[in-house]
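Next come two complexes built around chain A: one with chain B, the other with chain C.
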Partner chain A sequence: MTSYFIRRFLLIVPTFIGVTILVFTLTRLVPGGPIERMMSEARLAGDETAASSYDSQGGSTLSDAQLEDLKAYYGFDKPVVVSYFEWLGKVLVLDLGRSTRYSDPVWDTITDRLPVSIFYGIWTLILTYGVCIPLGMYKAIRHKTAFDNVTSAVIFAGYAIPSYVVALLLLTIFAANLEWFPLGGFVGPDFDELSLIGKAGDLFIHAVLPLIAYTAGSFAFSTILMKNSLMDNLAAEYVRTAVAKGMDFKRAIFGHAFRNSLIPLATGFGNNISLILTGSFLIEKIFNIDGFGLLGFESLVERDYPVVMGILVLSSLLFLIGNILSDICVALVDPRVKFGSGETSQ
Partner chain B sequence: MSILEIDELSVAFDTEGEIVTVVDRVSFDLEAGETLGVVGESGCGKSVTALSIMGLLPKPAGRIQGGDIRFKGESLPSLAPERMRDIRGNRIAMIFQEPMTALNPVQRIGRQLAETYLLHQPDLDADLIHRRCLGLLDQVGIPAPEQRLTEYPHQLSGGMRQRVMIAMALASKPDILIADEPTTALDVTIQAQILELLRDLQRETGMAIIFITHDLGVIAELCSRAVVMYAGRMAEQAPIRPLFAGPLHPYTRGLLASIPRLEDEPKTVLTTIPGVVPGIDELPSGCRFANRCPHVKDLCNREAPELVVGEPGHRVACHRWREIDA
Partner chain C sequence: MKTATTDSRLADSASGRSPQRPSRLREGFTINPQTVKQWRRFRSIKRGYYSAVALVVALILSAGAELLVNGRALIVSYDGELYFPTYGDIIPGNTFGRDYEYETDYRDLKALFKEQDRGNWVLMPPVPYGPLENDLIPGYFPPYAPSFESGHYLGTDQTGRDVLARLIYGFRIAFAFAFLLLLCNYLIGIAVGCAMGFWGGVFDLLFQRVIEIWNMVPSLYVIMIVTSIVIPNFWTLAVVMVIFGWTQMTWNMRTSTYKEKTREYVLAARALGASNTRQIGSHVIPNTISVIVSFIPFSIAGGIFLLTALDYLGFGLPPPTPSWGELLAQGQNHIVTAPWIILSVGISISIVLIMVNYIGEAVREAFDPKKHAYYQ
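Showing the complex of A and B:
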């Protein structure tokens, strides 16, 4: 099994290169790269000055020499493959280049947003599993009761309504009208002056609405998965065996059915890890949170390719590791799962 | 003295608002230390009867509609749940048809075996439990027990799993073992081994066994008495010899006639009972075997026959058994 996971980790390398080379090439092919953007910016600036002073350079205010410099800086003067490997070489020493928009190092831009995204990501994960597992269990035990039906209606409504609509509704009702929560932002303007408890409270009150918006959609899937999985296992014969041994049903649920019913959920766990960093740009936009979703979207629109590539590096690595994590989780809860090395079971 | 008395037991299922009686006034006794066979075709209510004894009817659909089950004189259906848990798995144990699914796939054999002790003898120390588990596996003929304890069910064959199930049932030295078709899912040689094992264990421990099967051959091999069920009712009950030598009920006769015999000419067409069992929702008010019975008369369609004593220890539910027997 260990050798299986070592092989899986080694496979990350070619997959990672495949993903990044694809996107890297795409950034070259899509019209409107950073150079063009700078040229048009320069032209706009040039138009303003042109009114007062004498200037003509065939529409562009950048000299050919300057243009060549820029191209060389971004590696546009070389074939794609060459500049890709130059980029990759820098990535290996954690140099992601500079943002074409802010000219800050990409690494700084990303680490600036990292705490915000990780905060929301981890809480979404905790809330999803922390709520869905017990809720799904309770629904399974109380199958077809009023409680089961009402919660089903609520979570399916949450699933059916797009998360940005939920976000907008929450914002209008609870922030704008009732003024129970702030209108947005990650923390309040006076955050730095607050005491430790005050800071926690401030963080919390800002996080409530976005977190609801984030999780509303994902509740349905995990809860219903948990419920059905547990119901299947409650009807399983080994639970009857346990009860036939003299165990009471409640203990049989926790002692026997529970772990078995986690297997399908464990399969999805790794993928949820990578969700930590993706975020949703719409929710971030609505709540004015500076997270990864917004950063990724804006850098795409602005053709800030170094940032786009930087985010890609991080999220693809996380996704690949997440997949392996899923496998590890499944192997942990289900002894029947044996990976590789020919020891197939059953 | 009878250790278990089933007295006019009726069991009903509530299926989508409709209540169907699937076991209808079944009565039999079990003597301490004997092996009683319960035989009948699929769906006749064998498992439901067994589950009723264990108090394991699927809830909330199934419930005991009438009658009583007495274990050592104590009425089981009216017992408090905690008291019933003391008896279940401790005084009365049960093994099931499907050894492949009856064990928890994510727990080691050792842990599942030890559980019976933890439930019924919580003050035993871990070391003693471990030694007892080893002893149990040894007793049911599992080689390398030390290693088996650390294995998971999927690492064992079907026959081995059924042995583990039997070991689990034996853990607390029960007075009664209910075996619900324990060999149906196994291949023939393994079947024979398991039957052999059950017979040996019974001799060693002196427990009573209720052996459920649809195979009359197995009954002949293992049991001292048998109950024949048909469509939720008892057709006949007798000690093995009279049952096989002189069956009284036309259904039992049909069953016996349908067993192929070595003395038969090769390629003799097997005798079968014509017709099919009436569906649970279209049961006739008269005798339930009437539509397949070669001896049917008006009375049979009008009135359900009561279980009467034909010969000593031999009971039968047929209006015409005397005439047929003659």
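Showing the complex of A and C:
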């Protein structure tokens, strides 16, 4: 096990370098960068219509001083290799540049928004796993019953319809039409004046619809995964043997099949870290929740490139950490995992 | 406690009607009995099969959408001559005795001919509005509510364009886009994935790392960054999406090639001296076809999701392209004043994606019938 972890951690280094190179390449796209310049030249040479729609889509154009800042931060005036390492050095000490919109450091701008996204992330996580594991198990045991079929139909719809369409439909029906819930926002405008219970209630009523939308997609996937893997395990010989030898059916499930059925779920567990921290900017935009995702969207619309690239760096690194976490989780629940020999099972 | 094991649905009863006999089309050409079996199995899964039929009909109809939903008339009979304005160049108004040289307003012309009653007539399509036409009522601000009288069956959007027309043309564009993405992603995926699985070694290792790195960047966000700098059209948007979308199929193909490669029949072919091309082309790929086919519906759904999400956020196809995502965004802005916009597009997307997923489920089941033993 120890050697597995050591080798897994060593593998982080090349992936980290690869990810940073890819992101660094993308930073060359920002205004003033070589790729942007190339594109605008091509655009001028080509059709003029594309150039005219350029401004209508984005927000303001950047001032010369802001362009100079961007050039200095990303080192457009230096050779590529030098500016890559300088940029990497800055990223490692969390210096992500300065936001052109708020003129605060990007790191502070981003961390300001994190609590909101973490709130939704954690609740989504609790709801998803808290409901889908028992539900998946129940569906597996009661396969082909009326309960199974009805829940399957609901879950299937939740899986097929993208979560942001679910969010929009919920918003139309329950917020705009029935007016049961507010149209968006993290808390109401008079939040500060409310009592503690009032605050909790306000938070709750604002959180209901976004949480349903968040859970709709991941929920379906996890439930079906849980159901199928439990059914596979129940059909496996070791469970049949255990039952044939007279073991209690409950113990056969919880003692044998359950742990093995968690393995497929564990492979995706680490990715929750990016869900917790970054949320989904589609849902945050729809419900106007001032989190990490909405920040990413707004800075793109406002052409606040330091923040855009900062968010890109952070979310890529979070994905990286999430992947490692998933591998660790799998190794913890599945003692069969061995590094490098897993080729045929992939 | 009973421990009866029962095969779940689609135990071969559905396909077991007739003995496995290759059905002959022509002398010397037979359909693979396996394919026949899979097709029968697919047909036996009713909701998937009917969804497929419905979607194919919808796609064929939308391919000829100009004949069904259009501001141009189907047939104009004027002074004993017939005109078919649907396809081809615009016909200026003065052709029909009007006093303008821009394109004829056929709805107007129809009313006029009726009034004149001189034997001239105009046949309009069932929905007499094009997706880009602004039909404004003087004195009232759009969006206008659905009405059978005006022919706006689902109302209009905020600039007076017919919602139904935009939905139907948007459907066509979304599917065309999803199919294009599918084709490109699968071509790259099959080529690279097969090569990775078949040759392994350094090439495999290299691409494994590349794919791992590729999967680390949030692709939707990166596509948005790129399209915020380069204004995309249909083709450039597809290229950007392929750049960030080829990894999944590549990975699937690598896995299945890897599995097939070690099977006896490939070893046998190699022992007989088959070349690499032959081993891959006539042995490995035909046997991974079930993997490829069963991913197609889900890739289509994914492509539609991506395009609609980008359009919704305003980083997709440039206006005034009819698009579902743009309608969703408009619908949200008018969520209280004009709920028909968001409801019609939201429900359409839901129905279409549920149907695509039904097809996907049925295809997967047909190619790989899972038989679960379970306790009762």
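Operating definition for what follows: the second predicted complex is superposed on the first by the 269 of 346 C-alpha atoms of A that agree within 3 Å, B and C clash if a C-alpha of one lies under 4 Å from a C-alpha of the other, contacts with A are read in each partner's own complex, and residues count from 1 in each chain.
One rule holds for everything that comes next: a contact is a pair of C-beta atoms (placed from the backbone, for glycine too) under 8 Å apart; a residue touches a chain by one contact, two chains touch by 3 or more.
Everything quoted here is computed from the prediction, not taken from an experiment.
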- prompt: Of the partners chain B and chain C, which touch A:333 in the superposed model: first, second, both, neither?
  reply: first
- prompt: Looking at the overlay, what does A:66 touch: chain B (first), chain C (second), both, or neither?
  reply: neither
Superposed model, chain A: greater residue contact from chain B or chain C: C
- request: Tell me which partner A:23 touches in the superposition: chain B (first), chain C (second), both or neither.
  value: second
Message: Let me test your reading of the model: by the given contact rule, A:144 touches which partner, first (chain B), second (chain C), both or neither?
response: second
Message: By the touch definition at the top of the document, which applies to A:288: first (chain B), second (chain C), both, or neither?
response: neither
- prompt: Can A:260 be said to touch chain B (first), chain C (second), both, or neither?
  reply: first
- request: Answer with first, second, both or neither: which of chain B and chain C does A:243 touch in the superposed model?
  value: both
Query: Can you pull the chain A residues that chain B and chain C both touch?
result: 240, 243-244, 346
Field: Residues on chain B engaged by chain A in the complex (per definition of touch)
entry: 54, 56, 81, 85-90, 93-94, 96, 98, 101-107, 115-116, 119-120, 152, 154-155, 165, 168
- prompt: Which of the residues in chain C end up touching chain A in this complex?
  reply: 1, 3, 5, 8, 209-210, 212-218, 221-222, 224-226, 228-231, 233, 255, 258-259, 301, 305, 308-309, 312-315, 318-319, 328, 331-332, 335-336, 339, 342-343, 346-347, 349-350, 353-354, 356-357, 361, 372-375
Field: Complex contact set, residues of chain A against chain C
entry: 14-15, 18-19, 22-23, 26, 29-31, 35-36, 39, 50, 53-54, 57-58, 140-141, 143-144, 156-157, 159-162, 164-165, 168-169, 171-172, 175-177, 183, 231-232, 234-235, 240, 243-244, 249, 278, 281-282, 285-286, 296-297, 300-301, 303, 308, 311-312, 315-316, 319-320, 323, 343-344, 346
Chain A residues within the chain B interface of the complex: 236-238, 240-248, 256, 259-260, 333-336, 345-346
